[in-house]
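The first chain written gets the first letter, and so on, giving A, B, C, D, E and F; residue counts start at 1 in each chain.
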């Protein structure tokens, strides 16, 4: 299954992708029935960014970033690179040169279950990255992997063209064919939360807003 | 021992709590005989904050944040929520809605040996959190835990009403009945340190200030 | 081998040290044949700093910072303290008083495979630290270690007088006698990268710049 | 996607399942193009066992083993239970009572990215388990999950009915529709290895058997 | 609070201690309301042992085993040593000489949130140890700690004289004053489990024995 | 520094190597002044073995075991292979075929800061391995590393020809030129320990044998 580049993938409609990006990871994850979230060790290299894009996936051997070059050719504006190594690795697969190249093609960021380097430069460029590690360790270009095949990245299953939403809370994968439905659900959720936020801000209790008191009593909670 | 909410707890005098907060974690920990420190994986979600408050404790099942709602009703101005799951968990128990509710009751922050989410919002609100993880993973409200019972959080024993001091160095628990004595000791320590800082700043050596040379020689240190 | 302080060590020429510092960790590591890099868990306590200096090494028992005082006397302007505990430890060996003392002697920073504390103060002082942990836990002064002997720190072998380069990408050790040669190689590398950066920025592909297409085909890559 | 039990799943032919079991994880993983392997933290609770079976999958909330009871009803002789929690958890979802129940239905073992308990009993019963942890921590039965949906377990994607092969080397998932082809490839590989083993055992070198010398020279290897 | 040896501690009645030992960790932990369990990284150095004893507690600095010698004098037949370092440490605090000494005083084992060494000898002696690590790293005898004060060991709060139960499932602490009540509850639990085991062994389902079907349906579980 | 095979290395005298092996890791580590110990995550794949041999070192890229084949040609009877990857990796570099080949050349074992596979076979062969992981994940043969250069393995500095001692307590490196002196010191240590063991076995206390009571009092220990 290795050594394959799928050139033609389907993507979600840009407006839907962007809408999911505005909702953010926590809301989208809830709206999708709490599925698709990557592991908590996936952290942004700088705080305060929220992006969404279509996944161009990379399966790469440990310590070998050859496939990143191959994947960059497959990028379209609005895409996000998603790389999973075939075994655990913290090497710096990606630095400022690759970021320059990816950005030139309209790439919105990188999600990588491995390491990145040149992070000062990446921060200055404002190129968003969620990674497992920051490590200057270089990689080789000796063994092929695959581009645009389904991968498991940080515990999340990613098909090429799925929508990736990432912010300070982590990274969430939205299945392409459910993207529209998830967006609608996310927006409903946001509206409902806004109401609750106002009530909580003036001191109302969740115990009352969500009508929990009788359920807690039934579950055996005792006040002493 | 589960399923209990203790409604009435004793707290330390506000002036003492605030005084401990000004001293900070490293000084308070020393002043208390190097006890009460939580594990180093407890990290602030944003840097530069130093707080102190009275502990309202939460013992919660993994992946279940029902008790947070219960605990918020028990909060008084100046309190800090301290949550330990009953088994290791990185789920996001707490986000911007709960922070809004807690802040409305005067809560000064959260210490949680698990995950939080909506961290961009929490940062914008300036709501201080020390956590083991940042994770968008949601929780359920299905099983009761307890509020205001003694808990072990990140290796530290916390009784309700104990003083929690937290800053960029981590989190320290000061036993309520020793709070005043610890504050006095911390202030003496600060004064003594200020003197040493001035001497060190002009190039005097700790070897001389602390009179270490003969002790080092006795311990077998050789210069070659 | 414990209990020794080597007073006289050789250092690299200041211009070479500073030149390596300007190149940064990722470039220097490549220029040195991808050797000398410390483990990715060595992280700066604040972002955006890049330093280089001559290593004054410390081998210290777990939870005992006596040797830091001893090492500070051996510092010259332009040095960097490098501490490895003799067994895994996250205690706060170093805080604002020691930083004040080290800075007074011209020390450029600390690399420590253990913990530091008073990090708010260290950040305000602008004293650079790369550490494995941040922990307020104090240490004792009871057992001697050694200063300026070869140590293994975070997987990197460090001889006293070696050049330490550290930035947001981590920490790299350059062997003193290879420092000049590594600097030249690093500069050549920087020049070559600048050219490539310009070509990539306008949309040329690494696949073409590095002439990878035929090699990928030979390695079995198939486009579908 | 939660709260679903798929009652009817397709399984591979028993002879193929058993054949894969005899080949073992390392061989099967190679024969499948190095895909399907779970993470190395999945370890057997006792050494020396090699099993294969058809996956009955469980997606369960952290600290909640209700779905294990549900899944057991879906078991057929020759099946293996595969459980992934919806967030990281080390609780003991499974002990000797559940093992008794599963064994009574012909279950060949359990693969669980969480904890198990009563391991002395499980060892005495000879019930094979590969888990992330051993922990006596109990679970609740409060929130539904799903049975026989696709899950990601320890980094491996598992569809219900896939073939699970597990031994001292870990756990590998073989896609059901490729099971026969993988078995054939595994057997060819075993035969080829047997030949090589004999030659290596009498002192022939891999360098010669695999004809590596010229390739190593071309890759730049120098003998000094 | 450091530097104290409490010579006189109360212990539970031997018959109760031994009874708890026969029940084992998982049962006792349940019987005590799922409290008192240590973290899952506490593992036995050899499998198949089940012990119970009265805790003689040790709080020791990292890398310093002086207090173990002090604690051994406080041992009575039937006791178990429980050591927590004051900060994370994996050093080998305990080896065959100390085991010989402890065994000579009737000590039943060691629970240590740090490392041990000479494990081949310990295994040959049959001296039970639950530890966080196995490491040959030696320790010093330079700084005092305390004996028989309350400690937090691997997340569990231990008072001197509490009953420690340990087996292949880990380590559980039973509060001394609840020991009798916990034992009774544990025995009831064992009896109830025996019944269920028989029913499950002949193929009855937990779904029916525990009457779960309607609850699952009410919770929204759907069979498809 | 990569791509080099040093063919001629010096080894310690066989009698000294074997003598060190009989002493074991804990004793040798002490005898060498507590230096040379590898990290505690280096564990044997089966218990009860104690070996010593001369190090043939391997520096290999992550996920690439080409150099193992190269190193095997350099083996002499009595050697031990020691492999450190150039960045963290858990792949299975070594299995039963390579073990067959190494054993045919008189190799006594493998120390690897990475993964091994075919462990059932290795156990049946009785081929000793100390590794960081067990993982069936295969490796490639695409990039050269080096053989018989100095490496840092699991925190220990290893020169080719150094003596490796390994048992259930871990792995220790003895510098070749100090091997004889360390052996003598180790034997003295063993004799001294034997005496102490006898005294401790009959109930004498370390407090008295080592004359600790006055030192403890001077250090501030109080009995209450």
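Following the convention adopted for this analysis, a contact is a pair of C-beta atoms (placed from the backbone, for glycine too) under 8 Å apart; a residue touches a chain by one contact, two chains touch by 3 or more.
This one's a predicted model, so the numbers in the text were calculated from it and none came from an experiment.
Asks: Along the shortest chain of touching chains, how many steps lie between chain A and chain F?
Replies: 1
Asks: In whole angstrom, how far does the Cα centroid of chain C sit from the Cα centroid of chain F?
Replies: 28
Asks: Taking the mean of the C-alpha atoms as each chain's centre, how many Å separate chain E from chain F?
Replies: The computed centroid separation for chain E versus chain F comes out at 31 Å.
Asks: Per the centroid of Cα atoms for each chain, what is the distance between chain C and chain E, given in Å?
Replies: Here chain C and chain E have centroids separated by 42 Å.
Asks: Using the touch rule from the top of the page, what residues of chain E touch 2 or more other chains?
Replies: 34, 40, 86, 88, 90, 135, 137, 143
Asks: Select the category (line, ring, star, complete, other) that matches the graph of chains linked by touching.
Replies: Here the contact pattern is something else, fitting no line, ring, star or complete shape.
Asks: So which chains actually touch one another? I want all the pairs, not just one.
Replies: The list of touching pairs comes to A-B, A-C, A-D, A-F, B-C, B-D, B-E, C-E, C-F, D-E, D-F, E-F.
Asks: State the interface residues of chain A toward chain D in the complex, per the touch definition above.
Replies: Interface residues on the chain A side: 1-2, 33-35, 39-40, 86, 88, 150, 152, 155-157.
Asks: Would you pull the chain A residues touching chain B in the complex into a rising list?
Replies: 24-26, 29-30, 34, 37, 40, 43, 47-48, 50, 167-170, 172, 193, 196-197, 200-207, 210, 212, 216, 219-224
Asks: Along chain E, where are the residues that touch chain C in the complex?
Replies: Listed in rising order, the residues are 61-64, 86-91, 135, 137, 140, 142-143.
Asks: Name, in rising order, each residue of chain B that touches chain A in their complex.
Replies: 3-7, 66, 69-70, 72-73, 90, 92, 95-98, 100-101, 104-105, 115, 117-120, 123, 133-138, 141, 143-144
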